[in-house]
Every structure is written in C-alpha cells, then in structure tokens.
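Below, chain A partners chain B and then partners chain C, in two separate complexes.
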Partner chain A sequence: MSLKDAMPVEKGRLSWFSPNWVLLLLSTIALGAFFGLETASVAPNRIVSGTGYLVFSALGWQGALLGMVLILALIGFSCIAECQEYRDAYKAMLVIVMALLALMPFALMVATSRLVDSDLPQARLGIGAGFWVTLFVLLLALVELRTRLALARIWSWSLLLPIGLLWWLCLSLWLEPLALMREYHSRSEQFSEAFRQHLELVGTAVGVSLMLGMGLALLMRRYPRSQKAAFAILNFLQTIPSLALFGLLLAPLAWLAANLPLAASLGISGIGWAPALVALVAYSLLPMVRNTFIALEEVSPAVIDAAYGMGMDTRQVFLQVRLPLALPVMLEGVRITTVQAIGLTTVAALIGAGGFGTFVFQGLGQAAMDMVLLGALPILLMASVADALLGAVSDFLRPGGAK
Partner chain B sequence: MTVNTRAATQASRSPWQIGIPLVWLLLLWLAVTGMAQLEGFFRLFEPDVRSVIYSRVDFSLLLGRHLFVVAIAALVTITLGLASGIAVTRKKGRDFLPLVSQLASMGQTFPPVAVLALAVPVLGFGTLPIIVALMLYGLLPIVRNTLTGLQEVDVGIKEAARAMGMTSGQILRQVELPMAAPVIMAGIRTSVTINIATAALGATVGASNLGDPIIAGIVNGNTAYVVQGALLIGLLALSVDSTFEQVQRRLKADESPRNK
Partner chain C sequence: MIELSHVTKRFGDEMAVDDVSFKVAKGEFCALVGTSGCGKSTTLRMINRLLEHSEGEILLDGQPIRDFDAVQLRRRIGYVIQSTGLFPHWTVARNIGLVPRLLKWPSTKVHSRVEQLMHLLGLPVGEFAHKFPHQLSGGQAQRVGVARALAADPDILLMDEPFGALDPITREKLQEELRALQSRLHKTIVFVTHDIDEALQLANHLVVMRAGRVVQQGTPLELLHHPADKFVESMLGGVERGLKQAGLTRVADHMLPLSPTLPAQSRVPSSMSLRQALSVMLRDHTERLTVVDPHDMPVGELSMRKLIREPKADQGHDREH
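What follows is the complex of A and B.
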C-alpha cells in the first residue's frame, strides 16, 4: 500500500475517479428502480387489483426531484469514494442513505394524499415494486457502508432504531389508507394474538430444547460411545421435511388425546400447539446439542488443568470455568435455533398452531396478497431482530467483551 | 468435528456404505409403485373414511413434478452460486466480497416460508413462485460454502502453484476448486435437502407436487393422506441426502492422502 502511494501519479487521467463499484452499482439500480418501476398502486377495494403509478404521478415533480437529487448525490459520492482526498465520502453517503430511508414513509404519505380518493372509504394504496426495490437496495448499501466504515454492530443498530421508530410512527398515525395498514386494522386483535402465539411457541420450543439439549450434551460427554448414534438420530430428524413432520404428528397426538384423559385435559390434541411444539423441539435439538457439545468440548485443557491446579473441585471447574467459557458458542446455538424456530412456526399454522403463518396461509388461500405481506413481513422482522439481539449478546459474552 | 471426520474415514473403508442410498431409492420406488397395496395398513389410521389412498393424482407424477422443481432450482442455484462465489474471490470482483458474504450469512435468517410467501405477490400462483423461492433460498448455502471453501485454500499452496507456472485459470481449476470441493459439496447438499422439504410448501400456493397429499390430508382431516405424502418426501430426502453423503465421503477420501 505505502509503496503504491509513493509512486508518481500519472497526470492527465481522471485522478478523482476511483469509485467504490459496489455502491456505484447499487445506487444506479436505485435510480433505475426509482424512475422505471411503479412507486405505488391504488385499488378501490380489497379484491380488485390496483392501477400502478410511476414516481411522477405518485410523488409529484417535487418529490421525484428530491429523490433524484439524493440518489444522484449517492452516485457522485460513490465515484470518488476510494479517492484519498475525499475521505469523508463514505460518511456523507451514510447520511444520504439514512435521509432517504427516513424520507420513504413520507413519500408514501405524499402518494396517499395525491392518489387515494378520500370519498372511497375502502380505497387502498399498495406499495409498488419501485418502492420495494429502492428500499432493498438502500439496505444493501447500508450493509456495504457499515463494512467500509467498520461500524460496530451496536452503532449500526442505534442508527437504524430511530428510523424504525419513525416508520412505525408514520405507519400508525398517518398511513391509514395503506393496504397493509387496512389489513392490519381489520384484524388488529388477531394480529396481536398471532404475535403472542408465535412468540410463545418459539420461546417454549427454544426453552425446552435448551434444557433437553444441555442434558443430552452432558450425557454424551459422560458416555462417549453414544455420541455417534445420538448425532445420527438428530441428523436424521433434520432431514424430515417440516411439513411432513407436522403432518405425521397429527395421528399419534390425536390418539393420545383420545385414549389418555390426562393428555386431553392438558389441551393436547392432533392439531394445535402440541404437534407444533413437539416438531419444533425435534428440529431445534440438533443445532442446540451440537453447539453445546462442541462448546463444552473445545474449552482448552490447559485452562481446565490450571483450574484444578488452583484447587477447584470438579463442580467448581464446570460451573466457574468450563460453562462460562463455553457460553458464547452455546448462545450461537440458541441463535440458530431461535431463527429456525421462527420460520418453522410459520409452517405450523397449517396444523392450527396459530402465529403469523395463519395470515400467510389464509392470505394465500384468499389470494389476498396484502394479508400475505401482513404475515410474512413480521416474520422477517422477528427473525432479523432475534438474530441481531442474540448475536449482540454472544459478542458481548465472548472473552474480551463487545467490540 | 473430530467425531465426524473419524466416522467418515472409518466409513469410507467399508464398501457396504455405498449401498445405503440404493436402499433408500429402492424403498422410494416401492412406496411410489406399491402405495395402493398398502391400503390395509393405511386403513388403520382412518377406519371410517371412504378412500385412504390419495388418488387425485398418480404418486409417480407427483414425485416427477417434485423432482423437476427441485432439479431446476438446484441447477440454477449451483451455477449461480458457484459463479458468484468464484467471481467475488477473484481480483476483479474482490470489491463485492464483503457484501456478498454478509448477504449470504444474513439471508440464512430469512425463513423459506416467508420467501415463498413474498414470491407469490410478485409472480402469482403456480409452479413459478416455488421455483423462484427455492432458487433464492437455495443460493445462500452454496454461495456461503463456496466462499468458505475457496478462502480456506492455503495461500502457500496457491503461491506454489503460481511459482510452478500455472495461470490463474489453471490454479482455479486444478488447485482451488478440487481443494474446496468437499466444503462446496456440503453446501450443495444442504441446499438441495432443504429445497426438497421446502418444495412441499409449494402445494399451498397451487404448485402440484408431493406436498399435495399432505395439504389435502390436513385440510380434510385424513391422516392417511398426510402419512403417504410425508413418507414419500421423507424417502426422497433421505435418498438424495445419503447420495450426497457418499459423494462427500468420496471427495474427502480423495483429499485426505494429499493432506498428510
């Protein structure tokens, strides 16, 4: 690097043009999507498919101009990003991307007031492909900027949080005619019920499999001969398709409910939460056991020796040395399991276990795409938030603490 | 990890292991052709309903459609995944490496059902959304493992190859790819196995495949249908998974003498 810097610079060439190709590509795509794809669509009611509007009719020329200027600034900055003289280009781009993300819900508000006829109480504004693509590309740009600026995880989340709050505020206060919000308002109670069910199922499944997984991992350490067989069985469980496992549990649990009064009184039946929970735990065991086992196994023998040398007994060594050192890797297992369980619980809606999957599958059944979105988006959000939170916790617990 | 490698080297010595995928395939074939003969068995699940064997569509046709969807998705994901994994580890594409590797790990948090659900509004009902969802979801493990595999190749070995006068293309084909092959294969295995299971969800968006009997069974409360669909998908997943396992063992066995 330093040698290259010391080399004489060729004169006459465009010395300022040293782009970050990734961001240049992303911002060009954003520009294309902003103008080329539909920003929003309007439908008079739930059944009719909407008419799409491009950016000029959705946001007016002022809105289109503002968006264009900001995205063009992004393109400009990404052309000089790698140039030595403009070191702050990345920071400027971060500010612009954040500004764009913050302006997006307001763009929807503008589109609502311009396009939705207030005389039609059922009229709804659909978010168009252009809006989604721009949002997606901006988030990708944020990921790239985070890497380039070497931002710590905490920082990037504290940057995203106010924007998330702003979105939430706009959605709940002023974006009534948005199709997504119309769907939400017509079943807001079901929504919070689904959220509760989803959380409960995931929480219980992760809790139970954490206990079981720890127990199994400890047993496997005690009886090394059982390791191969145990891992073979757990691997086998993972290859059974989730839909099939949910279906397969219908019969035995229905039989249990019919023949054991105790099971029936506990609320166990062929459909509902019982088969869902069993299947979720079955799937969660492999990542949980594998990570717990590897975590406990990988603690360096020298450290254990040192602990014994200090006069600790077996119990103390396990509780005060082995377990704390193994904790980050074990938490990694909890993270994988939680994210996986959030996804699988969606499928569990097919066997009547509730959760956000209910909206997804009902929406698919009624060909009501806004309802599908109402189910799918919270699932994506839940999975990302769980991933980020548990990742942050395990970063924090890693020896040396948070970065 | 050590447990696995030890098991793998032991197993590669015993030839009968190769028979495992054949056994699963045979069972799958028997299940597809002979489902009607098992009527007495399925009668046990549902003594009262009129039909216990799913007969709306022939099982072999359902299996064929299921395989078709998974195969197309696998073909595209393997090509794209390998190509992008190789591209971003070359000198020219290195700028894109952080973004692609972060995407590949972040994408794992997206549940396949949600991806499928989001594909339907864009692509409509039928086989197309399920193929696209499978492609999107199957791409990630392949990209991630291609990246890991290629990045784990020892720099010293690459330098030695260059010093021997190999061109970059030769190094890629004769050194990097063969050494990364076991890891890449593991990614392909994960991707295809997950996709066989996920494809069954296509039945909820109007794609007809082995998920059909399961959905029909759940909707009509006919456990026998569910068992038939689950049995076939399970057998298919096990056949494919164990085939990949054998291929992986072959690759590992090929590589191990070189490492020592």
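What follows is the complex of A and C.
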C-alpha cells in the first residue's frame, strides 16, 4: 500500500494506458506506411516504369499533415481504448477510420493534379505501396472495430456502402489519369466481357453443384452405407491442385469433342468453359455436400420425433421441419462454395475460360501491375460482396429471424 | 379405450417390450413406471405407431391400431415429450396450431383455438404468442408442449416424462395444473415417468415395468398395500411406503368428532393429505391436531394414537380424480 502511494507517477500512467493492441499495431503500421512508403508513382506512358513519390510530394504538406493528425488520433485512441472512463474511444476510432477511407480517393485526386502533367495524354498515376498498405490496414482495423463494437452485419454494410459509392464516383468522374483507370478505359469492353464470363462460370458452377450436392446428400441419407465412400471421393477431389485438374480434364473432353459432334456443337472442348466448369463443380461439391448433409442430419431428433408424433407425413416433416431448420447451415455451404469458386475461376483463365483471371495473367506476363490489379480488385470485391450477402441471408433464416 | 394384449417389441434380437398387457379405460389416467431402459417409452410409442409392435395386439376403441392410417391416427392422439420437441423456427402460436392446421381447420378456428389453449395453460396471448421457443423458460416451453398436444382436442394423450427436465417446484406446479386440467377435460392419458411420487399423485392406474415386462398393475393404493415383490416394494419407496400411502388419503377420511377436552393448538385443513398432517405433528411436537374447514372453523380432530389403531383394511380410500 505505502509502496504504491510512494509512486504516484506509476499509478497515474497505468490508469489511462490500457490499449487495444491490435488497433495500436495496425495504426502504427498505417503511420509507417503513410510516411515511409511511396504514395504514388507517375509514368509518362504505359511502357516506361514510373518514378515514385513520397507523401509530401504527392499530397503536399497540408495533405500529409491532415493524414498524420488523423492517424495519430487513431494511435492515441487505441492506447486508451480498453480504459473504463473512455467508453467511446472505439466509436471515435470508427469515425476516424471512415473519414480516412472517404478521404483516400480525394488524396488520389490531389496527387493527380500535383504530379501528372496534363499536357501528356498518356501520363498515368500509379497507386503506391504506401497507399495500398494504408488502405489494407484501415480495412483490417474496421474488422476489429466491428467486432469490438458488436456491429450487426447490416450496420457495417450500410456504413461501407456510401464510402464505396464515393470511391466509385471519384474513380469514374475525376480520376481519369489513374493508371488503373487508363487500363480500364483501354479495355472497358473486355472488362465487361470478363465480368460476364466470371459471373456466368461462378453462377453455373454453384448452381450445378448445389443441385448435385443436394441430390448426393439426400442419397447418402437414404443409403448410409455409401457415406464413407462418397466423402472419401469428395475429399480426394478437393486435394488435386486446380491446374492439375484442368490438365487432367483436357484429354477426355478433347476426345469427347472430337468424337461427338453434338458435344462439339455445344462448345465442349479440351480447353475453354467446359473443363473449367467441370473442375469448379468438382471442387465445389465437397463443401456443398458436407454442409447439406450435416445440416440435414443435425436437426434435433426430438423435433423430428415430435413432428411425426403430431401426425406430419414424411413429406411434411422434410419440407416444413427438416429443410427449414437445415437451411442456414446449407446456405453456409453455398457461401463457402461461392467465395471459393470466385477465386478458382481466376485460374480457369489459364485454359481459356475467360473471366477476370485473363487480366491477372496477361498483366503478369507483361509485368504490368496495374493490369493485374484490374483483374484482382474486382475478384476481391465480388468475393466480399457474395460473402456478405449470403451471410446476411443465412443469418436472416436462423430460427427466430435475424439476430 | 386403449388395450394392449400380449404386446412384444424386438429391436433385432433384443426384447425391449415383452408380453405386455394392460387396459386404460376412457377418462382414466394410467402411469407407466419403472427404471431407465425398461421399455416405457417404447410401449408408449407403439400406441401412436411411432414404433410398430412385433407381436400381440393394440386396440383403440376395440379396433386394432393397424387398421388405422398411422398419420391420421397420430393426429387423433396428443403427444408430449420430455425435451418438448417444439419447432424452433416457429412461434409459440404456430407450434400450438400445428395439428389443427394439419387437419385443415379454417384459419379463424385455428386462431381462436390457439388463444383458448394459451389461456387454459396460463400463457398470456399478448406476451407469448409471437415468441420463439428459445425465448421460453423450461416450464413455459413444456406448457406450450401440452397446449400443442391438446390443440385438436384429442381423446387420448400420451406423455413421455413431460416434466422430467424441470426443477422440483415448477414440476409440482405443472403436475397440479395437469391434475386440474384432467378433472375438467377427462382425457384418457398414458403417462410415462420414473418419478414414483408423480405417478402416485396423478394416476389412478399404475403399471410397473421391469426389463420389458409388467411386474404389477393396479390402483396406487392396491400397489402400496400389496406390492407383488421386492422390486415393486422398493420402487414404491421401501420403508417410506407408509408415508406414500398417507399422501394419498385426506385428513377428512381419518378425522374424529371433536372431543370435549381442550382442542389442540395446531390446526390443519380437512383437505390436507394425511402425510402433510403427520408432518405437522412432527414439526409441532404434538400427537393431536384440530381439523378445520375452509372457513377456519373446527370440524374435528386427528389423533396419532387413534390413527395407529385404525384397522388396516380401512385405509383403502381410493382418491377420486
């Protein structure tokens, strides 16, 4: 007791310093990236590699100061986040992170006007590592804040939506000289075509594997002896590397196309959408079957007993009790499968199935990072939107409505 | 109403129920008691054909249950289980209205029936109709389970340890309510329990089972007076049988006219069970009690010395339900 009284400084320091370490780390990284890494680079045309600029030259001292103040505030708040007296620290941080995310496209606009020579029609602004790292770290901070504040999914999306709109507006109206946008404008038709192909492949693959998966799960429930073998096969399919699977499918499908005129007229060949679809379905089947099967099996036997005991017939028990109770878990399977298929379809570009993977691999071939981004960013976006939407639906279908 | 004769159920080689016969008359409350795994649930589930019996005959109103369509049969029989089996994705109101909807009642009739039942079981409609099962306490959920079983007004009610998962106080309360309900509705009830006190309190016909066979059956007092063997005796509480008997008779049945001597200090209502009256004697260190009517007017007295001298056969007053 007396020892503590003798050290008031120590006591005082401990009382306010109770940090959220995750956020402290993230905001420190953000500060480091903001000042230490290149914010943007400028190239006179597509071929020449650009020169990089740090934050002071890219945004001017006003921009750098504003960014610094906001990030320092984040660091400050994360130091006192777990302190009892400052309950609103997390909310303040949420506001700051949102503000930073909203300011970032404007930062790009400032950099454009400062760095890009408007006399050179091909000049382009590349987004630098500092910018990417800051963006990424802020998004991670948002995830942490979401859990700390226990925000409902709906809430976090309604916060992110206006910011997404803002980004989209800035990109399409004022950020012409951005290398990413230049890449987009020179192949906007290819871009929509790739989007369509990607969506089609994913949609078909998920649809087909949903049907097949449901069918298989129902069969496995009817014939319990087949369960072990079925899961063994599905697990095995999952372990083949994706490119190898595409390769393995090449021969039989090419044979099919050569020997069956009908198959050829349907567009089936050794390369293209057919092997891509087959491979995607093969990969999607395991999560789909596993979730459907477990979901249907897991419904409480007491509930099923009561359902029969009340006088429901087999069809009513399945449609009114087992299926609705299994639905949230089944949708979880659809969610996993969809996100996985969106990613895998990227690889399908290698066998000529199209999709955003085309940009990624062409860009890699030409060492044009902005083109890689033009393919990778939409894939990332599609995956998170699919994840959020299907997650929300499955939440909504849980017994007792949305929680 | 319900009659089982020489009913047997085999699971593979195992005899779960072996040559069981008993009858439940209309309006009678029959309890199946016995240790865990002796085949009580199996017997019950054969009555609504959730399980098919292997041998013997089960008659409903004199007709073999195999003559009925199983699904139609179950809609005519109420069924309550220990884990409630409420549908977690449906509201209380929808759970209760299930069987009437299966029977294609018009929706207004279903609606009013649901409200009527919620009222009957002490579940305020405004508060509970739109709740989901996970928002209910164990006791409330079990009330909903009973309401659901009663929804289509079945003549027969099968109950499998309905109160087994509840705390003693809630259980006693629900037992009391079930007894009150039964005295109004006169259903034919088959009730599975391994709580012998519950069985003695509620039933007017007891069937004691052991390893798939019926060891003894009869009214609670018959069994208490003449247990067939050591097993039934220990089932009925061993040396505590005397108290359990006393629990089944009312003070009014043993009361003597008021004696001219000074009335005893301790008073008990005439509707109290003899068992509770004995407890009062022990608590108050007295061997005499004054018996009073509901208006607290002395109507007689109870004396330990006289009780002990009562002839044995006289104790056989079967409780009316």
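Note that in this section the second predicted complex is superposed on the first by the 389 of 403 C-alpha atoms of A that agree within 3 Å, B and C clash if a C-alpha of one lies under 4 Å from a C-alpha of the other, contacts with A are read in each partner's own complex, and residues count from 1 in each chain.
Simple rule for what comes next: a contact is a pair of C-beta atoms (placed from the backbone, for glycine too) under 8 Å apart; a residue touches a chain by one contact, two chains touch by 3 or more.
Just so it is clear, the structure is predicted and the values come from calculations on it, not from any experiment.
K.L.:
Please work out whether A:325 is in contact with chain B alone, chain C alone, both, or neither, and reply first, second, both or neither.
P.N.:
Touch status of A:325: second partner only.
K.L.:
Thinking of the overlay built on chain A, is A:230 touched by chain B (first), by chain C (second), by both, or by neither?
P.N.:
In the superposed model, A:230 contacts neither chain B nor chain C.
K.L.:
Look at A:241 in the shared chain and tell me whether it touches chain B only, chain C only, both, or neither; answer first, second, both or neither.
P.N.:
The answer is first: A:241 touches chain B but not chain C.
K.L.:
So in the superposed three-chain picture, is A:334 touching just chain B, just chain C, both, or none of them (first/second/both/neither)?
P.N.:
Neither partner.
K.L.:
Would you sort A:303 into first (chain B), second (chain C), both or neither based on which partner it touches?
P.N.:
Touch partner of A:303: chain C, not chain B.
K.L.:
With both structures superposed, pick whichever of chain B and chain C touches the larger number of chain A residues.
P.N.:
Of chain B and chain C, more residues of chain A lie in contact with B.
K.L.:
Figure out whether A:375 sits in contact with chain B (first) or chain C (second), or with both, or with neither.
P.N.:
Only chain B; A:375 stays clear of chain C.
K.L.:
Return first, second, both or neither, reflecting whether A:142 touches chain B, chain C, both chains, or no partner chain.
P.N.:
So A:142 meets neither chain B nor chain C here.
K.L.:
Touch test for A:201: chain B only (first), chain C only (second), both, or neither?
P.N.:
So A:201 meets neither chain B nor chain C here.
K.L.:
Could you pull out which residues of chain A sit against chain B in one structure and against chain C in the other?
P.N.:
none
K.L.:
Contact residues on chain C for chain A in the complex?
P.N.:
48, 50, 71-76, 79, 81, 83-89, 98-99, 102, 132-135, 148
K.L.:
Could you please specify the touching residues of chain B with respect to chain A in the complex?
P.N.:
1, 3-4, 7, 45, 95-96, 98-99, 102-103, 106, 108-114, 117-118, 120-122, 125, 193, 196-198, 200-201, 204-205, 211, 214-215, 217-218, 223, 226-227, 229-230, 233-234, 237-238, 241
K.L.:
Spell out the part of chain A that touches chain C in their complex, as residue ranges.
P.N.:
Touch residues, chain A against chain C: 300, 302-303, 305-313, 316, 321, 324-325, 399-401.
K.L.:
Which of the residues in chain A end up touching chain B in this complex?
P.N.:
It is residues 20-22, 129, 140, 143-144, 147, 227-228, 231, 239-245, 247-248, 250-251, 254, 270, 294, 339, 342-344, 346-347, 350-351, 357, 360-361, 363-364, 367, 369, 372-373, 375-376, 379-380, 383-384, 386-387 of chain A that touch chain B.
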